[in-house]
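Here it is, the structure in full.
We call the chains A, B, C and D, going by the order they appear; numbering starts again at 1 in every chain.
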């Protein structure tokens, strides 16, 4: 199913877009999303191991279901402060 | 020799004066000063064990010579902040 | 008060807002844009954030601090956008009855903020290059305050 | 800046005075007059000091902090006289390259100030009594922030 993911910081620069629309299996988890991101956007490969996935306002566990969510984000480690 | 000692906080309240003029032996040390203060101003006895002696802008060691100094002070433990 | 802002941070007002007659101690932390990092010269920083999540995470941090220390009031403001050298990027203010509580709570809040709150800084180095700072990744030079 | 004053402390100006492009971190500590101490109610505090020695001891503390941490700027202001609930009695501001240095230096300065700087506070309790605070003596109820 069509699922939109927001990107930030270096992830956005590498993908060249602030959001990506992906086609995910209905059972797709955050771990699956990471794999799909790497396959569909090879430019993200360098930061894939450290990429964080958020669902809503919380960090997602690898097993968190993400397909069809409208509040997904993916971004590299934070550096505020 | 005549020696003036400034007092602060509870020491001043107990002595009833901001300064005391004492007659000290020329060899008198800070330890001696404490004894003389207790003898000449019995009201200071309750705080004598914790009384601090300063010479100039520094805390005096018990052996510091104090007779004739014009920059002596005696006061209980500090509580600023 | 939890706030993200593109305007300069009014840290005096933030500090005033946490003062209380229940508190004997207030600690304010300011992160400011430092010129030199590991021998490299910064010209400016650009901060990007994921505002909804960042604010939610900051509220969680405040709640976490309140569960650990007797926090009377707390406030966290993070600036986003383009910051020049010396600008205040983040301000954390906390008041507690006793001073060590306030120091510990303040340090906890800024330490955790730097670990979990989705905000990122991009270095504008003096050689003209720019670089996102992503701690723990190969690309990034960790920039720690 | 080292200062004793009978006027309200301008902690915003003090904080501004320690900011620097060499610093990534500023820590400000404020001691404020707290209402309740060990279940007793304070109406006001009176601070007395031995000004010449207090300023000299504060200068020594600043030098001591500078020998331990890479302090860029530091400032300490202590108020004397009559303070009402919530008033700021002391402000310590310090800037360092990194945040843990600034937290450690700030905590060191206020901890040591309370041990060695000749300033004393007198409690004005809600029952009408007054009492000098002299930590470690039998008479005093230790009042710690």
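Here is the rule we use: contacts are C-beta pairs under 8 Å (C-beta built on N, C-alpha and C of every residue); 3 or more make two chains touch, one makes a residue touch a chain.
These numbers were taken from a predicted model, which means no experiment stands behind them.
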item: Intersection of contact partners for chain B and chain C; value: D
item: Where chain B and chain D are represented by their mean Cα positions, the distance between them in whole Å; value: 25
item: Centre-to-centre distance between chain D and chain A (centres being mean Cα positions), rounded to whole Å; value: 49
item: In chain D, residues with contacts to at least two other chains; value: 31, 99, 110, 145
item: Of all residues in chain B, the ones touching two or more other chains; value: 81
item: Chain pairs in mutual contact under the definition given at the outset; value: A-C, B-D, C-D
item: Chain B partner contacts - residues on chain D that touch it in the complex; value: 31, 47-50, 52-54, 56-57, 78, 89-90, 110, 113-122, 132-140, 143, 145
item: Touch list for chain D against partner chain C, complex; value: 11-12, 15, 19-36, 85-86, 88, 95, 97-100, 102-103, 106-107, 110, 144-145
item: Residues of chain B that touch chain D when the two form their complex; value: 6, 8-10, 13, 46-47, 50, 54, 56-59, 73, 75-81
